[in-house]
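For reference, chains read A, B, C and D in written order, and residue numbers begin at 1 within each chain.
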Amino acid sequence: RQQLFQFVLQLADTSLILGHRLSEWCGHGPILEQDLAMANIALDLLGETRSLYQYAAQLEGQGRTEDDLAYLRSATEYRNPLLVEQPNGDFADTVVRQFLFDNFHYHFLKQLLTNADERLAAIAEKSLKEATYHLKWSSEWIIRLGDGTDESRRRVEKSITELWRFSGELTTPTALEKSLQAMGLIPEYEDVQASMTAHAERVLTEATLAIPQQIFMLTGGKDGRHTEHLGYILTELQYMQRTFPGLTW
Amino acid sequence: MENPTQHLTPEEQFQARIDADVRIEPKDWMPDAYRKTLIRQISQHAHSELVGMLPEGNWITRAPSLKRKSILLSKVQDEAGHGLYLYSAAETLGTTRDQMLADLHSGKAKYSSIFNYPTLSWADMGCVGWLVDGAAILNQVPLCRTSYGPYARAMVRVCKEESFHQRQGFEIMQTLCEGAESQKAMAQEALNRWWWPTLMMFGPKDEDSPNTAQSMNWRIKRFTNDELRQKFVDMMVPQAEFLGLTVPDEKVQWNEARQAYDYGEVNWDEFWAVVKGNGLCNRDRLGARVKAHEEGAWVREAAMAHAAKRAERELVAA
Amino acid sequence: RQQLFQFVLQLADTSLILGHRLSEWCGHGPILEQDLAMANIALDLLGETRSLYQYAAQLEGQGRTEDDLAYLRSATEYRNPLLVEQPNGDFADTVVRQFLFDNFHYHFLKQLLTNADERLAAIAEKSLKEATYHLKWSSEWIIRLGDGTDESRRRVEKSITELWRFSGELTTPTALEKSLQAMGLIPEYEDVQASMTAHAERVLTEATLAIPQQIFMLTGGKDGRHTEHLGYILTELQYMQRTFPGLTW
Amino acid sequence: MENPTQHLTPEEQFQARIDADVRIEPKDWMPDAYRKTLIRQISQHAHSELVGMLPEGNWITRAPSLKRKSILLSKVQDEAGHGLYLYSAAETLGTTRDQMLADLHSGKAKYSSIFNYPTLSWADMGCVGWLVDGAAILNQVPLCRTSYGPYARAMVRVCKEESFHQRQGFEIMQTLCEGAESQKAMAQEALNRWWWPTLMMFGPKDEDSPNTAQSMNWRIKRFTNDELRQKFVDMMVPQAEFLGLTVPDEKVQWNEARQAYDYGEVNWDEFWAVVKGNGLCNRDRLGARVKAHEEGAWVREAAMAHAAKRAERELVAA
């Protein structure tokens, strides 16, 4: 139960941080329609975040609320993988970050549907519908940018070089995840990874892009060892709750 | 039988349709001045939605709860949607979104001056919803019956969502006013900053608004600026009282004879300064839009290039 | 006393926010020597800030400390003029912002030397030595950039266009300042402005740059009506104190 | 009388001076390998000061008190100063700062791997001062007696300031450890992250460090990596105990026979990964430096162009 709490928290942190990053685009996107699309994905992720924190709070049973979990934990207590805290960069960086995450998110949620934990399975079912659309969106943009102009190709290649090294963490189980896998509570990541690789190959091929090989994968976020970017996200995210603790908004 | 309008000029026929409250549609004949005025008005409205995303967007990353964060992001997203409907409505008059954006970026086209005021605290999210959207609704509800069909239909959708936003804004204010002292102080401080700028949203005084008569004649405007401003004051003063807040205007008091609230004189120097580009945020707002547009150019080009490649491949395959 | 407290607070906020902005350059300057110079100016301003807050705390007499005043007031309670909260932008923006401030700071402190309030005069005396160097630094850079390359000239001209409109607030007295001036507690700004104009003309002429004419001046910061930039400064500046109130560091 | 060194080759004369602890100065003859090794070592050290500004610079805007903010900014400023002395010392060997920076930016030149670890909490400012500067001092104090004069003199200044910084770092840790539970937890968490990376600062094990013998012979290195690492552990373990913190190594215990602390094996895979560019921050650190350099190019050009114009004017006036 404590382990499941930790894991649900990790999933919630992940959706929150990525949703937060996407929400930074709001009003600054390259095309109004894409402002809408990114806000939409951010809203879906925020919705998933809230369901997960609510469930985590219940698992913990200490009376903490969703907002306590989101707003009153430090950077080293956050458990999101490094990928989702990386800066928005240009639109290509955002698209590649989203693609790497969506590809995991979609295939992971799919496996979670039949999860032994019913509440988690129920959250997964709702989120999977959304994640299906997210993966479609980011895959199509990878293809557009890869098979677009020389500049878009150059940019998306650069983003892939920069961000691919954060993709391995998604399916590299931590001690916590291994323990939950051993108990059969969460899926084995080999299966998820296989589906991800197949999808990535299909999309990158259509985008006329090469799949990066022999990338040294960075890990640590799921164990609370983050890049310096997370701290700045939290100063903004948490400022109001830190300044006015315990109030209702 | 003889058609009673057949001896009328096109202008007279057009005005007759307007007077009979028959909607003008894109393919109908219309006077050039009507077309131009509408393009200016609708695009200005669309630009206001676009630029209006920024002051509220400023607090998305700092919203004080996950629920408020979702609601705010969703609201700003709605504004992007309104922008889309309105650009489409304007395009039916023979302009393009690119052209309208170019006019915005060059400063030729305007957007609502209210968005040149900064959002400095969370309570501003309340005031923008409650007061700014409240003023916008008073301006816009009559436009649901405006004479130009696509505009009127866009406004129906916009107004429906705006009144939802206004309720959310009021609810933010209410939560603050029922909360801690620090929250109530935050609410009052925000009201002090937003009250006068929202009164300015209805435009100059009627005597300084020479185009009102023509616009009312064309039914693209249905009330004068001062009429709407009075309505707004009459609506908002009791709401402020309900919240336990004080409107920052010593002259506000109920006038039994007029059955309306008296109120003080707007600072028109400030109004014109902001209109002319000298508000606190004019440069930052326009700068943010221009930056987004310029930095997004390669994305738009890539999307078009890819679409063209794909179309060509499909043609070859067919 | 309450009015003097408010005014000293305004001076402290001003030095703090500008020092904070300059410190953002640390490690990112265009030349290592200029990294040092900007850190130096930031340190001087921070030193002045601390003296001023300490004095303000004493004037207030409510037991608040320098850190309480810096870290526990909201954006609308801050009283710095708008100029100093403007973003660093490129090096030209930073130099122009600094020049406009230094030109005021130096001439203002000079007048403050003979101030009726001894403590304020003493702080001014120490700060004036530093401000003399700051004004020399920023004036020289205005000249270098103006009379440097085509690019540097174009950039510094752009910065002047952007930032000059914030200079008027420095010598536009607020109600508080008028009241203190009437009591003879702080200098009249006409005299300060005259010296500033003379210096600016000398420097811009040497830099082969034109003095902007007919600029609409923005005000509000000294009355707590800021641009949106200040809020973000405070989320970072105050994060630790807001998160861990009342602790010793 | 015959000069006893006159029959020696230049190499032999050079080594004789070194052995006699006579300083080598810029104009003295020296072997190419000595010159190259020194340029590599000094510039690597200079780059470390430059890049080392970033992890601490990361907390200047978030320091928890005005006093700490000043101390931290002042410290990072000192590092910029160290960079300057060291670049100057390296330039006496016939290279230029531009060349050294180009090598840094291209990845050809290295900097200390420790700066590829992120600073995630305020306690990291304590650990960087206490542990990282502590390790640096152990590495650097012997260099105050290094054979190359300009380097040795630069190191005297650097070491003086470093030991001041180290005390400040320890003081941060002490304040945290004497503070609230949350502060003590922050201190322990930071120690957990920084302990092993600082042990790596002394370089690979002696058996994997083939250049040590030559460097010691030239007296540009005076202790082996493992000797220094042992010294560090012996110094820091009691300090951690004093603070009430636990070093994250179960194998740490006093060895009465060796009169030293035993300690566990460093994760050399991690060490080599970070050296090869695969640390958490390698890209961000180098990226930040390259960005600063590229964005500063126009400033450097302007300064030079102005200086040239001025020189010309003075020449004409003369």
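Throughout what follows, a residue touches a chain if its C-beta (ideal position, glycine included) is under 8 Å from a C-beta of that chain, and two chains touch if they have at least 3 such contacts.
Fair warning: this is a prediction, and the values are worked out from it, not measured in the lab.
Shared contact partners of chain B and chain C are A.
The distance from the centre of chain A to the centre of chain B, with each centre set as the mean of the Cα atoms, comes to 35 Å.
Centroids built from CA atoms put chain D at 58 Å from chain B. If you average the Cα atoms of chain A and of chain C, the two centres end up 42 Å apart.
Multi-chain contact residues of chain C, defined as those touching 2 or more other chains: 74, 235-236, 239.
Each of residues 62 in chain B touches at least two other chains. Arrangement of the chains shown, judged by which pairs touch: an irregular graph that fits none of the line, ring, star or complete shapes.
Here the chains touching each other pair up as A-B, A-C, A-D, B-C, C-D. Interface residues of chain B facing chain C in the complex, by the touch rule stated above, are 55, 58, 62, 118-121, 186, 189, 193, 273, 276, 278, 280-281, 283-284.
The part of chain A that touches chain C in the complex is made up of residues 74, 232, 234-236, 238-239, 242-243.
Within the complex, the chain C residues that touch chain B are 74-76, 82, 162, 165, 216, 218, 220, 225-228, 230-231, 235.
Against chain D, in their complex, chain C makes its touches with residues 16, 20, 23-24, 26-36, 39-40, 42-43, 46-47, 49-50, 53, 66-67, 70-71, 90-91, 143-145, 147-149, 151-152, 155, 233, 236-237, 239-241, 244, 247-249. The touching residues of chain B, when paired with chain A in their complex, are 50, 53-54, 57, 60-70, 73-74, 76-77, 80-81, 83-84, 87, 122, 172, 175-176, 179-180, 182-183, 288, 291-292, 295-303, 305-306, 309.
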